[in-house]
Each structure stands twice: as structure tokens, then as C-alpha cells.
Amino acid sequence: MSTLHTVNKSAFERNSLESCLSVCKANASVLLIEDAVVSALQNTTISEQISAAANTGVKFFALSEDLRARGLSDRRVMDEVTLVDYAGFVKLTTENDRVQNWL
Amino acid sequence: MSTLHTVNKSAFERNSLESCLSVCKANASVLLIEDAVVSALQNTTISEQISAAANTGVKFFALSEDLRARGLSDRRVMDEVTLVDYAGFVKLTTENDRVQNWL
Amino acid sequence: MKFTIQINTGPYTHQASDTAYQFTRAALEAGHEIYRIFFYHDGVNNGTSYSVPPQDDRNLQQLWSDLAEQHSLDMIVCVAAAQRRGIMDEGESAKHGKGSPNIAPGFQISGLGQLIEGGVQSDRLLVFGD
Amino acid sequence: MKFTIQINTGPYTHQASDTAYQFTRAALEAGHEIYRIFFYHDGVNNGTSYSVPPQDDRNLQQLWSDLAEQHSLDMIVCVAAAQRRGIMDEGESAKHGKGSPNIAPGFQISGLGQLIEGGVQSDRLLVFGD
Amino acid sequence: MSDTKTFVYINRKAPYGSIYALESLEVVLIGAAFEQDVKLVFMDDGVFQLTNNQDPESIGMKNFSKTYAALGDYDVNQIYIDQQSLEQRGLSLDDLQALVYEDEDDDWAEKSSIHLVNREELSEIIESADVLLNF
Amino acid sequence: MSDTKTFVYINRKAPYGSIYALESLEVVLIGAAFEQDVKLVFMDDGVFQLTNNQDPESIGMKNFSKTYAALGDYDVNQIYIDQQSLEQRGLSLDDLQALVYEDEDDDWAEKSSIHLVNREELSEIIESADVLLNF
């Protein structure tokens, strides 16, 4: 049993990623979409939170279309974060048992 | 010359109060309205930021109508925060030289 | 799999309607079923037929209406939210003494029960909003 | 003093339109002049005449229309934002081949220049939004 | 597949600043007719939805907070409040409405619907959901 | 009262997630006709508005980022970028568009419109405003 969490707002602006991570289980997946893709960048004030959660077994994903829109190439994204496209987004929702959309 | 800053979102949820305080001058006024009134409560994880800014001379206000709506009585509000009603809100905009609305 | 999609924001101001649209297309392309799309809160504004966006921009209402036609989608606009925000079908418009209906093709007005029922009948429910 | 008020959100979902309304009333009561109210982004949705909120709730469009009439307020709806979101006066509706106009009394459609001009002519500009 | 599912409502926003708190309550009440298993979570600024003595009249809005007290009559009696969110905001359970229900399996004894939970327990509640609704 | 005022635009949100970045640019361009003193501030997630290589085609949106390069032609050449916001996001000026203008008082020499500022300097810019527009 596992949960897909989606976050759509920048962790620099809102508390939704932090709240999400505070209830994430080790087998959970977190998908960053819309403005939240900026939270996937390397060497930011957020990166450490993502690394720490990844070390406990949480899997991180970011929507490549939203990264590309904002001029943020794969090179800048943390190693812990896997890029997926919309087809991959759909696949994640089916591979997990439920979806929690942090709004 | 002085500036009135308004903040309308909870500091527990968004970064707008933090950004506001980072550019506030000693003679500035900060008015908390809408959901931001929750940032005026005593003994929270925010209170210290407000105390620190108040100690540098920043004046804090909160809209009493918005506090009352949310069941938050004056007793719970930090000593550093002065309550104003809508008439007081209008007065603050005229007593300062400009208004910066942090959205 | 069967999906129900809830959309909380209107078109253009926030990306949520765009994201929901792209997700819905991708789900259909992958062979899944979209059981229902429920437009709630400001999301009801996606269903206005009066929208005229700039020529060089996307027309979200049109995109939704076209997708609904191609895939026989069940697109519901929450009645209470629609009344608050001024989205009317023929019946609502007559009942409230307003002018021409402004609901776009493919959108139907119905109640919140449709959202719950979507949750009951679908394998996954996703919410897009601000 | 002269004020220009900008409103970025529609009615009901966010408090901004309520706050702007209460502020405007308080400013008028204190003897100030409201030079202009500019409805921008989703704020244009405040100007729909089709809104029918629940009987036990406030009717924001009506409150604005009444205030405009009592105080001869200049209430502008941004034309580009209104076109995207489906708010039409008679001229817009005819031009784009839509049905009856759905703009409420007291609201006028005009351009972004009115916002800048409001900033130039007023002593204070306030923005209410989400 | 059984037609009974677990619906978990996550409430994270203060009331009156946006319509979400009111609408969440609407969905819960409408949803009660579907006889699903319903759990309500109040976390982050959502804990302010349950404060005592709300009075939004002077901002022109309706006080819907009395309606929470009726939830027990609709068999909505699994209400989870995040302790950490309360503490961060200087609040305690005493600041919130006492929500109760009558337990039909226990001679209609009046019991509290409210459970104070930590983040670990919140994880479990989310994992127990078939459907998650966010407000 | 002179009819020339200082308009300061505060841009704090990432592009495409909301319409504010696009609309801010619209107001600035329309406002140019009014010949006011115009300053643009990019802080918090607003710094992402100026990233190179934006490509929103696959999310169905228009790439408006090329328009920033035209600001110099409209005499909008006071662009302030908050250094702390860049650093917090692992960005540097190299990641952003280089915006320039031709200085008519200096034989039309091409100069940078961009000024990297700290929060102290941002305070001064806000204090210099007659009108503040927030996006």
C-alpha cells in the first residue's frame, strides 16, 4: 500500500511541501508539478529537506513539462528527483493506491 | 517618509510576512488583515519574528474584524500588535506615504 | 482504471485547469477511463461560453468542450458554486430571470453528490487547484 | 485623499473582494474620495450580473453595484481580463457574437491604462488579492 | 469492490479568508447521505476552523462554525486534529469546539469525536483513505 | 503635484503557475505610454520570471519571456533583482536573461538594465515609490 503525493506550489512560497514531507511514509512518492518544480533544484534552501526524505526511502518526481516551461533544465535538478512527463504522471497515479493532492 | 505594509496570508502558510519584514524600515507599519491575523497570536512559531521587528521600531497592527471573525479575541494577541478596525485601516493608509500590499 | 478529476480554479489565473486538462488527455491516451470531471469553487468558470481569450493564447473552455465531445466526458459544474459565480444553463437562467445561458457545450450543472459519487465509483480521485 | 483600489480575485473564493468593499465603505465614510476601482485578473468576475448567491449569504456583485450608485463610483473591469473570463457588456457581446450581456450595473469595461491613470491621479493605490 | 469507501477530508486553511472551510463542510454533509466511512483531518491553519466564538458578521459573512456541532448527528465522528499544528499556533484543545456524538453501540452514550494526533498517526489516516479530498 | 510619479512593480511569483508574471509585463508595457518613472523588482520566486530558455509550449502556453528584452526600448531600464532570492534558489545572474538598454545621454551606449540588490537596497526602492503594484 503506497500513496502518491502531489505538490503544486513552490516550497519557497508555501508550507505545502513541508506538510507533505511530515506525513510521508518511506514507500511514498512525491510528485512536484506546476510552480512546485522549482523545489527540485540543486543547492537551494530546500534541497536538504528533499535529500533527507529521499534517504528515508521517499521517492521524488518532477513534471518535466513544467520544468521546461520555466527554463529549468534537467541538469539543474537534484539527483534524488526523477523526471516524468504527463504519461509518467498518469502511471504514478495507477502504481500507487491513492493520491493526496496538497493544495 | 514611511510605508504601510499589508499582509493578508497566514505566516504559517506563506512567505509574504517574512519577505515583508526583511525589507521593513524602522518607521514602517505592518497591518495584518484577512487570514494574516493569525500571525498576531501569542506564543506561536511566528511571535519571535514579530517581537524582533517591533524591537527595531516597526509598528504592528491587526484588523479587529478579521480577528473576531476567526474567534481570536484581543486577549490572545501579542502586546506588540495594536488592533484597528476598518476606519483605523483607512487612517493608517493616510498617515503613511504609500502602501505596499504583499500578496 | 477509472478516474474522477476535481478542478477548483477558473481558467488562466492559475495553472490548475491546464494541468487537469493535460492530465486528462494523458490518461485517455493511456487507455484509462475518465468517469467524471467535477468543476468546483472558481473551477465552474471554466464552463463559460462567453470567454474570448487572445488569438495567440489557448482557449481553455474550448479545449474542455472539444475533449468532452471527442470522449463523451461527463463534465459537471457544481450548481451552488455556479449560481454564486454566474454560470447558467437554460433552466437556471429562466428560473433566476437572467439573460441567455452562458454555459459552454459539454458542461452540465449538477450537485455535490456527483463529486462524492465520483469518489465512490472511481479508482482514483485527483484534485487540481491553487 | 484620493484612492484607487485594485481587486484581483473574484467573489466568494477569496476574501479580497470583501475586504476591498469594507475598506472602500470605510474610506467613503471618513470623507475620502474613491477615484477609481479597477477589477483585474479574476477580479472581473465581481462584475457578473448572473450571480445568484444563497439567500442567507451576501451578494457581492449587488453590494458593489449599490455602492457605485450611491457614491457615483468609477468601477472599471479590465477588458482583456474580462474577455478571457467571459464578462461582456452590450458592445463586447455583439462584437464577439455572444448572448445577452452579463455585466452588472455600475461596472464599465475599459483598458489597463485606467489602472495606471488611477495610480497617477490618486494619492494612494491599494491592491487586494490572493 | 465494495461500495463503502473511506473518505478522508484534509482541511488546512483558516476560515473566512477563503471559501474552502465552508465548502468542505458542505461536501461532508452531502456526502453523509452516501454512507461512506468518513474521517476529517484538521491540520496547519485548518485548526482555526474549529475555534470557539467565531463572529464574522462585521465582515459580512455567515457564521457557519455552529454546523460542526451537528456532524455527530450525521455519523461523522472521526475527527482528527494535528497536535503539532495546534502547538505551533499557541493553541490547545480548550480553544476549540468540543464535538461529540452519541454512540449507538454503547447505549447512546455521549462521546468525543475529537482525536488529537501526531504526524505519524496522520500518515496512517492518509494511508487508510480510498479517497482524499483537500480543502 | 507633478504628474510624474515613481511606479515600483514588485514581482514575487514564478511564471506559468499563475498569470501574474504575464499580466505584470502587460501593465508595464501599457504604463510606458504614461511616461512615469518605472522600477521593476524581482524577488522571491519572481526571479524565475527571467530565466533563460523558457519553453511552455508543451503545457499549451505562450512563451512571453522574450518580451522582457524589449523593455529597454520602452525606457524601462531600472530592473532590480534580489540577490538573496537568487542565492536561496541556487541561481546566479548567469541563469537569467541579460537585459540591456541604449543610454541616450551617453551616445546610445548599450548598458545593462539589471541591478543586483540586497534587502537594504530593496527597502530604499520601496521607499522611493509613489505607487506600488504587486504581482
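When the chains are written out, they are named A, B, C, D, E and F in that same order, and each has its own residue count from 1.
Operating definition for what follows: a residue touches a chain if its C-beta (ideal position, glycine included) is under 8 Å from a C-beta of that chain, and two chains touch if they have at least 3 such contacts.
Here the structure is a predicted model, which means the values were calculated and not measured.
Asks: If you apply the touch rule, which chains end up adjacent to both chain B and chain E?
Replies: Chains that touch both chain B and chain E, as defined above, are A, D.
Asks: So which chains are sitting against chain C and chain F at once?
Replies: A, D
Asks: Are the two sides of the chain C and chain D contact the same residues or different ones, given that same means over half of the numbers occur on both copies?
Replies: same
Asks: Report the chain whose mean Cα position is at the greatest distance from that of chain B.
Replies: Chain centre farthest from chain B's centre: C.
Asks: Identify the chain pair with more contacting C-beta pairs: D-E or A-E.
Replies: Pair with the higher count of C-beta contacts: A-E.
Asks: Determine, using the mean of C-alpha atoms as each chain's centre, which chain is farthest from chain F.
Replies: Following the centroid criterion, the farthest chain would be E.
Asks: Report the inter-centroid distance (CA atoms only) between chain B and chain D in whole Å.
Replies: So the centroids are 26 Å from each other.
Asks: Give, as an integer number of Å, the spacing between the C-alpha centres of chain D and chain C.
Replies: Each chain's C-alpha centroid was found; their separation is 25 Å.
Asks: Give me the residue numbers in chain A that touch at least two other chains, ranges are fine.
Replies: Residues 8, 12-13, 15, 34-35, 65, 98-99, 101, 103 of chain A touch two or more partner chains.
Asks: Where does chain D touch two or more other chains at once, residue-wise?
Replies: Within chain D, residues 12-13, 15, 19, 22, 41, 80, 125, 127, 129-130 contact more than one other chain.
Asks: Quick one: which residues in chain F touch 2 or more of the other chains?
Replies: 12, 16-19, 44, 59, 61, 130-132, 134
Asks: So, with touch as defined above, which chain pairs make the list?
Replies: A-B, A-C, A-E, A-F, B-D, B-E, B-F, C-D, C-E, C-F, D-E, D-F
Asks: Given the complex with chain E, which residues does chain C contribute to the contact?
Replies: The contact residues of chain C facing chain E are 6, 40-41, 80-81, 111-113, 115-117, 119-120, 125, 127, 129.
Asks: Using the touch definition from the top, list the residues of chain E that touch chain A in their complex.
Replies: For chain E paired with chain A, touching residues are 10, 12, 43-44, 84, 119, 122-123, 126-127, 129-132, 134-135.
Asks: In their complex, what parts of chain D are in touch with chain C?
Replies: Answer in residue numbers: 10-13, 41-42, 45, 48-54, 61, 80, 83-88, 92-93, 96, 98-102, 130.
Asks: Along chain F, where are the residues that touch chain D in the complex?
Replies: So the residues of chain F in touch with chain D come to 3, 5, 7, 19-20, 23, 26-27, 30-31, 33-34, 36, 130-134.
Asks: Can you check the complex and tell me which residues of chain A touch chain F?
Replies: Counting only chain A, the residues touching chain F are 8-10, 12-13, 34-35, 38, 41-45, 47, 65-66, 68-73, 76.
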